[in-house]
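Heads up, the next two complexes both have subunit A, just with different partners, subunit B and then subunit C.
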Partner chain A sequence: MAIQVSGITKRFNDFTALDSVDLEVRSGELLALLGPSGSGKTTLLRIMAGLESPDAGGLLLNGEEALGLKPRDRQVGFVFQHYALFRHMSVFENVAFGLKVRPRGQRPSSAEIRRRVAELLELVQLSPFAGRYPAQLSGGQRQRVALARALAIEPKVLLLDEPFGALDAKVRKELRRWLRKLHDDIHITSVFVTHDQEEALELADRVVVMNQGRIEQIGTPAEVYDHPASAFVYEFLGQVNRLDCTVEGGIAHVGGGALAIATDGGVQGPAVAYVRPHDLGVTPAAGGPARISGIHVVGPDARIDIDLAGLALEAEMDRERLATLGIVAGDRCSVHIDRARVFAR
Partner chain B sequence: MPADTVTGTSVPMPPVRSALSEPGWVRILLIGGALLFLALFLLLPLVAVFAEALHRGFDAYWTALTEPDAVAAIELTLIVAAISVPANLLFGVAASWCVAKFDFRGKNLLITLIDLPFSVSPVISGLIYVLLFGLNGLFGTYLRDMGIQIIFAVPGLVLATIFVTFPFVARELIPLMQEQGSDEEEAALVLGASGWQTFWRVTIPNIKWGLLYGVLLCNARAMGEFGAVSVVSGHIRGETNTMPLHVEILYNEYNFVAAFAVASLLAMLALVTLVVKTALEWRFGDELAATRH
Partner chain C sequence: MVAAGSGAVAAGRESAVTVRASLPLFRKPSVLPGFGLTLGFTLSYLGFIVLLPLAALILKSSGLGWSGFWAAVTTPRVLAAFQVSFGLSLAAALTNAIFGFLVAWVLVRYDFPGKRLVDALVDLPFALPTAVAGIALSALYAPNGWIGRPLDELFGLKVAFTPLGIAIALTFIGLPFVVRTVQPILQDLPPEEEEAAASLGASRLQAFSGIILPAILPALVTGFALSFARGVGEYGSVIFIAGNMPGLTEILPLLIVIKLEQYDYAGAAAVGTAMLGVSFVMLLILNLLQQWMRSRHAR
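Right, the complex of A and B next:
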């Protein structure tokens, strides 16, 4: 176990940022802390690094009690959201900083420092930029300098705060893949914070979904996406239709009987059914109960707005399927639900 | 030979007036007005100071500067500045560090207090010290019994000068440090730097230009301060007169050449300050911009 968080609580005045959080980060894994802003994910990351101290709870880093340790003694690499590169230092100086500030006895020779920095710049593909200043680099380059700088101290754990938050969409995607590959190569235990579910699902070995200072669910990307543990996780991960319903005898009735969904039991009375857009089937039917109110083509996929007796639904399918069905806006249709999850209200 | 058409003489472009440029007469009026104003209120007085100081010739000027009382005043001014500027340098860095990097109760009160010397008349600042440390003041009897003299002596001058000049460094640094935030310091700490290493290797390099500005302005004011110093000085010639006070005494004695000669030194101080400031901006403009953004 690389990191063990037990019962960590942190309050800022009246606001509870973390409410008795337990979490285990396994050695060598890439873990995502996913949640909306204010869910406590960044606070948890900063507590791991020693930049905040919790009001209660315990923290073990590689089996050692860490809360009493200063940030400098924790051997963690931290990549800040806005990189926090030293603006008056060149790329080389930035990466070398962690080695140069070591006490005399542990400090590598300057030749050794040069060799290590060159190696790291090679790793992050920035060798030609060693002499540049942060202001002369693009966002993606700064991000990689920040990563090289964090790795220079050979940390046991790498912590990244919204590592792609400040980048534009294309660079973000490239850098994401690159980071995944880097992690597969060097296998350093890593935790990153994000509010972008796509990022978490694509990049992480395991995802921790957080909300209001608590952990809602921990699991592999497939687990949290396919089997959300709570209504919050369902809503937060991906697009979803949220349907108020009443469950009677295992059947959820939506919109005054316009739609019936079979449930796996357990829930009775007022409830909410969650249906992913791609789990909502559409069949053209001349006298059907629903009407296609709009079709939006986004790249290879199509998003279909459906009006079911005043209830707005959203379906999703690929364009081929759309062409096969041959539906256009204004057509009548019937809808069926392939898969739904019902939570008591 | 298609190249010929390119190397031929260039065709003069017709004058194009951009949407943002004003007609000629407006430009002349605006620029001329500004220049006239500058000449009248800034340049003319400066020229007048030097003209008056030198109008009996350079020997008279030199004598006025080298007579013992003038030398004593110059020395005293340098001593007062040499103590109060470093004191305010330390204070300014400490205060802006507190304000910019930490959140605490009473922060706004501290910022207001830092501004106090700007809003209080310097004469009042001087009087406060007289009320505190003067013979009839709060600590007066105690200080007399201990044999310490503050008012009408160098310590009083230093105290008054520190009070009047203490906002300069802090005012320059607080916005700068607030804008820079504490991300870089946090990064340094996580990378293994001690607090001391973080301060010297990260914080100070990021604020050095702002710091230098603040110190320059602080020094100019410390040497030129009149009001507060006047109250606590006692005007003892050769002992507690700083340059501005010396100028006043000479002027009141109708010794215009000597008064303007000493005044010209103060004017030169102002010019040197400006030149250094401009030179720094010119020489390190890029770096300056980099640390501000």
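Right, the complex of A and C next:
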């Protein structure tokens, strides 16, 4: 089911959480709402679920006006950041809740409910835990119970608020892959909110980058990472060197002429150049303009701090390349930039 | 030799350790210090402040002997007073459980002007001397009082000097117990659970009975028990509004005072002991009920 958001605005007192947001979620896709805290992403998700009502704008669920509908009538599965499992109910009762509260005519028989819950617990790999209470489960297990509970009502849309936010790094990664696989299997239109760019880029079909209540860019993970539409997107997605520069005749001069970068034109005068650490090349040179101020090896990669005439830069390369270059902290070197993006200041 | 000697020493040490560890039988190992001191203090404090007077009470009543005791507490007048005290305390506690919950709900869930004032008003029954409350209530509900007169004229309902009046006084003094036990639990109830229930298709009523009520029920039972216990022991506010007709509106505490005034110390102690026993059993049942609910609501 497709979701269409048009001109949604939401204010909390004098804070504008959403500023006339337009968005289309395509049927069957897995969409990430990515942004820093306060960017309005959770508010947008809660408006889709009917847990919050906007001050202005429209919302279509599968082509039908949905703003007048109560949460219970929207057929939307919502997974909360801290799961919001019913503490006094067992895993089984939690998952069965959405079926048991249906009006008498639509309520499945108790045998049918048992069968459906067992099926869902099988799906989230929690069959042996049906009798446990939420307090007796780990974070990852709770998350999967929350997911099974949301799926029990056979929602048309699945909305997940920071689904992996409260988990440790290893479980987070496993659960991420598992969720992607689950989505590939059941193809339910899904929207999830995250502030973790790695999560959004790895998991989503399309990423919506949000900032201060507005959408900065919508695109596939490759599009937003390789062709950021704004300075904000560039800074938010991954590590980046931010260099103040002056552009004259298509050449950006950084640090008073210490470095020159060719630009793709369009920008003139004071500007900011963004360079990803892995697009910054380092060559050892005895009389070079830059100095290596530190080398940090993190797993298979190496991060190199460079001091270019008082300007702190960061480069990244794999350890093999580092060994080939044979550089150590304190060496002089020259730097070259393979790729940069320049935005007017 | 040396090896054997050290082995013996080691064995000796080992056995010493096992003996030491097994000495305090019921005590679980803990890093918190001061177990002996605090337990000793707690027991002796409870002994002096609570158990000693109660023991004296039971001792006094035991002077009657079993048959004398039984005769003292099964006179029609005492039995009627039992019915009045426990029955009306239960009724008042039930009323408080319902309406105290509503008060707590409104204080937690809604914002309105004067909310802090209302919040502070809830505690007034705690602070007011009970006799003052009793006099004020009987003045209000008396047949010529502000509330008593219209009730009498419109519905023919007499409040003061009837069991209803006693129930009203007991409701008045018990209200803060329910509000103050339920309020913090309601405050800490995460809104997400209700939102989850709503998004899963539950109506407001289903969300309330399925999510909110089970979460606050242990606190509600605590408030109910406190309100009930307070009602059973209440004296000051009731005697003014009750009318104190033997067999009809006479409460147990008053009956005890009457017996004391007639120098029937053993009889008074017997009624007190019986009251103590019934109260203890009822509170114990409520406590067990609560424990069972809490274990279901594991966290």
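In this section, the second predicted complex is superposed on the first by the 344 of 345 C-alpha atoms of A that agree within 3 Å, B and C clash if a C-alpha of one lies under 4 Å from a C-alpha of the other, contacts with A are read in each partner's own complex, and residues count from 1 in each chain.
As a convention for this text, contacts are C-beta pairs under 8 Å (C-beta built on N, C-alpha and C of every residue); 3 or more make two chains touch, one makes a residue touch a chain.
Every value quoted in this text rests on a predicted model; they were computed, and no experiment measured them.
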Fit or clash between subunit C and subunit B when superposed on subunit A: clash
First, second, both or neither for A:F97, with subunit B first and subunit C second: both
Partner chain in contact with A:I8 - subunit B first, subunit C second, else both or neither: neither
Contact residues common to both interfaces of subunit A (with subunit B and with subunit C): 49-51, 70-72, 74, 76-78, 80, 82, 84-88, 97-98, 101-102, 133, 135, 149-150, 152-153
Of all residues in subunit A, those that touch subunit B in their complex: 49-51, 70-72, 74, 76-78, 80, 82, 84-88, 97-98, 101-102, 133, 135, 149-150, 152-153
Residues of subunit A that touch subunit C when the two form their complex: 49-51, 70-72, 74, 76-78, 80, 82, 84-88, 97-98, 101-102, 133, 135-136, 149-150, 152-153
Subunit B residues within the subunit A interface of the complex: 183-184, 186-194, 197, 201-202, 205-206, 287, 290-291, 293
Subunit A-touching residues of subunit C, taken from the complex the two chains share: 190, 192-193, 195-203, 206, 210-211, 214-215, 296-299
